[in-house]
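Okay, so here's the structure we're looking at.
Going in written order, the chains are labelled A, B, C and D, and every chain counts its residues from 1.
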Amino acid sequence: MQLQSMPDASPTKWHLAHTSWFFETFVLNSRLPGYRTFDQHFHHLFNSYYNSLGTPFTRSQRGLISRPDIDRVYAYRKSVDTGIEKLLKDSPCSSNLASLIALGLNHEQQHQELLLTDIKHALSLNPLAPAYSDGIPEEESATAEPLRWLEIPGGCYGIGSEGEDFFFDNEGPAHQQLVQEFSIASRLVTNGEYLAFIEDGGYQQHRLWLSDGWALVQQNQHRHPLYWRETENGWQQFSLHGLQPLNEAEPVHHLSFYEADAFATWAGKRLPTEFEWEAAACHLRQLDQLATANLLEKRFLKPLPARRGQTQFLGDLWEWTSSSYLPYHGFKAREDAVGEYNGKFMCNQKVLRGGSFATPSDHIRISYRNFFYPHQAWQFTGVRLAGD
Amino acid sequence: MQLQSMPDASPTKWHLAHTSWFFETFVLNSRLPGYRTFDQHFHHLFNSYYNSLGTPFTRSQRGLISRPDIDRVYAYRKSVDTGIEKLLKDSPCSSNLASLIALGLNHEQQHQELLLTDIKHALSLNPLAPAYSDGIPEEESATAEPLRWLEIPGGCYGIGSEGEDFFFDNEGPAHQQLVQEFSIASRLVTNGEYLAFIEDGGYQQHRLWLSDGWALVQQNQHRHPLYWRETENGWQQFSLHGLQPLNEAEPVHHLSFYEADAFATWAGKRLPTEFEWEAAACHLRQLDQLATANLLEKRFLKPLPARRGQTQFLGDLWEWTSSSYLPYHGFKAREDAVGEYNGKFMCNQKVLRGGSFATPSDHIRISYRNFFYPHQAWQFTGVRLAGD
Amino acid sequence: MQLQSMPDASPTKWHLAHTSWFFETFVLNSRLPGYRTFDQHFHHLFNSYYNSLGTPFTRSQRGLISRPDIDRVYAYRKSVDTGIEKLLKDSPCSSNLASLIALGLNHEQQHQELLLTDIKHALSLNPLAPAYSDGIPEEESATAEPLRWLEIPGGCYGIGSEGEDFFFDNEGPAHQQLVQEFSIASRLVTNGEYLAFIEDGGYQQHRLWLSDGWALVQQNQHRHPLYWRETENGWQQFSLHGLQPLNEAEPVHHLSFYEADAFATWAGKRLPTEFEWEAAACHLRQLDQLATANLLEKRFLKPLPARRGQTQFLGDLWEWTSSSYLPYHGFKAREDAVGEYNGKFMCNQKVLRGGSFATPSDHIRISYRNFFYPHQAWQFTGVRLAGD
Amino acid sequence: MQLQSMPDASPTKWHLAHTSWFFETFVLNSRLPGYRTFDQHFHHLFNSYYNSLGTPFTRSQRGLISRPDIDRVYAYRKSVDTGIEKLLKDSPCSSNLASLIALGLNHEQQHQELLLTDIKHALSLNPLAPAYSDGIPEEESATAEPLRWLEIPGGCYGIGSEGEDFFFDNEGPAHQQLVQEFSIASRLVTNGEYLAFIEDGGYQQHRLWLSDGWALVQQNQHRHPLYWRETENGWQQFSLHGLQPLNEAEPVHHLSFYEADAFATWAGKRLPTEFEWEAAACHLRQLDQLATANLLEKRFLKPLPARRGQTQFLGDLWEWTSSSYLPYHGFKAREDAVGEYNGKFMCNQKVLRGGSFATPSDHIRISYRNFFYPHQAWQFTGVRLAGD
């Protein structure tokens, strides 16, 4: 639980401590009368990136934290939980407190997904290819529904969130966005479709790639998605269930933005903008076609081949959009430490939408904006095509 | 003329050869009957980034090209010029040929500006601080016009170029963009204003910076713009006229996007989007307030303090916008080698607008989109603030 | 037990598995009839650097080996031990087998010392400064014996080992070496003496340093030994007993060769050659003055201030010599995999002599040649001065 | 003349200025009454590594020195020459002055050789493969003399230099060294012999290589000497005369120490120690067999196939020895700036002996100790084998 497999990924133990640190720091320290910090050293060790709260422990060195051991981290979690329960019982209800606690819960949900992402990466580097989950997933379909093109009418769409329910600050301000008529795929791109790209020499054709992506492909000799392996028994894929034969009907995942974009170019299509994506989801919701999503509660721990009626907008995989992660017009980050949550990352990253099989159903919204750097592929990322 | 001071910058000799190579490759080789390539090796040496034409010589090694010597490069230029003149005299007029030659000329204009940018960088690294130009510029004003806030009405603005006149492919398709009412500064930010940011600890306050910018500032210990130097005689600035005392009235230049953005945050303002910038310029043009720009023909070789009536939208300095460099809706790069000119760079870069003191007046347009990575500061970049 | 704190250091779990792998690979696989490899994957995972046996798992990634878990590693050790016991009981005695088993045991002793070295490094990086050993060492003297200069007569000395008893191949061939008369310090350099070097600006005076050492000091801003920390309570030192006030009487340790050499230059002395060191030890042994060494059995887990009659040639700390690690005249490495043990490292490293507080007493000899790169300081290294 | 092709190599212009700087700094400034420094900036720019004289300009950035231009550097040289001439005419003769001037001359001879070494490297990186010298060397023999093994008797040999004639400080103190009987090759290893090593898979057999060398070969995918190129017309070699077909009779050159050592291991031999080399040369000199060396005055600018009676001990190529570059017993560097000339480099480097085709005949001696890092191959290095 201490292993850190790369600077982007954190140890399990660190995730467990950091999420409780979040509650302790932003809630208990200032709001629970008489609360005493569990361990002063933790403030430095488990601060992720809040410079307002002092210099965080170096991200790439989280794997060095041999102490506290896991028992002490669990004790920390229990202590913080107890504090929160006491606070909830004793404190007068306040919308400010409620919103901070909701933030803390959503924050923990994000880290629960990251736990799986990071564990998968760590296990993938072990030559023994250990499985995270021994449970065999249900019998999978070997075919995916044929791809259909959904026509989305142009017009002004309401983008973003507002109101009482919880949403992250980067989802606002809610505003109107003019979207032109476009078409969008009825499901995610499959392994089989991506295999055709590979077999057509997709990784060798510079004209399909953005310049920075092509440089990366050349430098690292990328030839397939992150967890694919070409073996003497054909293509295999490392998954949370261990090494498995590649199911061509399954959505292709662990693509970088560059790979997603190159595939779309090869297919004669493009990625949707985040506004098109949200408009399409909004349109489908009105048609009642967003249901039966493959989210965390299903416990499949993997994306599934699309079945009849499944559009995969929610769940299965985070979908790369062509949009850069930028503030919505009028966005202002809070001036306190919580303001560092989202705003300062609005540069050099791309927006992903829709959640994955590892996202809880009460965490995701069609206005939800996830963001990663275009080279990153260790997340549960996928591709949906769009066209004019 | 052979010195390469960093991978981003090219030797003077290389610029001279590359711009002729462009004409030879895209015009003469295929269109001038009987034309024989000047030197087969040049095709590899002076190809910048056109993968369609074979593997270009490694960018970071252009400084290694000791041969051909400069006399041979001048002979190359003369030979290509002669070929073009012959082609223009002998060939039937065709819009396709005309547009390629216009592209070649605009391409050469871009490199003429880069020549100055790169020479400045090279000279700046020499402890002798040699001047590029001995000519002393005209007596400069020690004061800049007070900053005014121009109110730009909201509405649908026509963005981009179309029609007969030359424009780069990334300026199209022309389209309408909904812009909300905003205000924009009447001139560029000055050295004096930026100095106040420094003196207020701007480089030490993490909350002013985007996360990636803050990491860069910490890593490189940035404390001032690229060419500023703190000496025992106060602040000085390396310029094309050598090392000069800092004129506080002069527009601050050689900022990275991160510095521009942090300054704007510190000032309680923001950068304009590229659409706001173009809308404002369009608005001012209708009011006839874009005139008397400090462009290349003035030969000042530096930005000047704003005088009465000068808005500095064109000339003086390239202005960082908050917009990521992305394709306009419906943009498609050409499928041939020329298609590599702009499209493949539409990732990870920010848009700059307006041209600089080194841009020819027949080269710049209000729809012109320049683009650089957010960390780059060796270009003639500046800042204009916007507000809601 | 899985943490790898830097590429030079290995996880505890890896050391435990690797030492059993050594017995399995070099003894059981070929010599125990019917022996079946415990786990085929281990051959790759726990091979340190024997290219003859296939590509070893990348050294810098040993921290990624989450599986096998520690229980399985202990099972592996038990299984190999059982196999060796069976082999010893069943097999006819052979000098070849005996020498391989002796090699395996000495190999494991080396890794036992490395276990402590590597754990110390890992713990040192934790801001909590955890102690490896809670046991408080005996009351330490706050003074060291005054340094005396032992005069060693010149002449031909027998260097190296030969004969029946175990020794590493790099200790042979035994040969005569002409050594000129010299003097050598009666004990190791102390913290107090090294502190005087620091306070005299030793880390700021280029003339004291070898060129490569000076470059390293400048680059890394070294200002004191690896585990020293300057606190508001004065100098402290991270040790296997946690963070402790600096005892000036204690031998200074965790110096790089560059630091050791610079100190000697500052002191107007020099480091001994490995031949001088061995000659001096040989001379002292004849005078019966090598006794009562601080080796592993004492369980101090730290070097101690020299007491009357202690010369510290054996135990306390490995002593840097000025000699490069080169083959003795006539040395030939074995042609099989075991030949990779020592010979291929005879370049770029310096010889250290004498063992440390973590070396078992039946492991060390005065002919014993340890070797590390001149920049390495995480070993239990110290300094003894010599003069002409 | 300004191009710097890698950090180890310096621009021609820099060599020209630095060698005059040496005379100005160590002779004129302190000894010529009324001498005024030519240009104060030069002291920083053209100081190589004398920390006693202030911080030298960063070595890896010598290629950035666009100014002073070459005319000014020649003026500098002329001015310094004039100063030295004046000093020699006016000053009373002193052995101290004479020895400094001798040092300056020998220093300049070293840089004259480096000029060729560095120019060769710079030209080699140009795809045009330009020749340094258009003059075609004399018709070369296509065969080399058969290799003979010279038996050198064991015994005490006088090593190093002493007395009135100039020698570098690292050649002393002269002392006796006990050398055991050994054999040494009568000539250098040839291209043909090295080709057999390559064709036998020498670069793929880890057991032939020192560990650090093997790591380097793997990392850089080395498969042949630095300037060899495998073309469709067979092996070619870049030389000061441009790209030439490989002459198998010619001595193999531009090997790193690792390559030299691996070849020797493959051949079942070893490299000589520097003492063996000097003993052998001393022995041959007594037999009058060191004559007719291929040194700079011959102007071949390349090593030649050994002819009858040529042992190639002097000239042709610097010969790697197995000895680390360490001080002779009793060596002490001078305490002033001149003391930085040799002493501080006595770590991590290997000794080479004998001079090359680019060494002046009045510069080389059999006691001469050159030194480079084991990975460096851009010098005119070669191999001579030894055996027991």
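Rule of thumb we're sticking to: contacts are C-beta pairs under 8 Å (C-beta built on N, C-alpha and C of every residue); 3 or more make two chains touch, one makes a residue touch a chain.
Since the structure is predicted, the reported quantities are computational estimates derived from the model, not experimental observations.
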| item | value |
| --- | --- |
| Relative to chain D, chain with the most remote C-alpha centre | A |
| Length of the line joining the C-alpha centres of chain B and chain C, rounded to whole Å | 58 |
| Chain C and chain D, separation of their C-alpha mean positions in angstrom | 36 |
| Whole-Å gap between the CA centroids of chain A and chain C | 47 |
| Shared interface positions of chain B, touching two or more other chains | none |
| Those chain pairs that satisfy the touch definition | A-B, A-C, B-D, C-D |
| Residue ranges of chain C touching chain D (in the complex, touch as defined) | 49, 51-52, 178, 180, 206-207, 209-214, 257-258, 261, 322-324, 326, 329-330, 335, 339-340, 344-348, 374, 388 |
| Chain C-touching residues of chain A, taken from the complex the two chains share | 2-3, 5, 41, 44-45, 57, 61, 63-68, 122-123, 125-128, 130 |
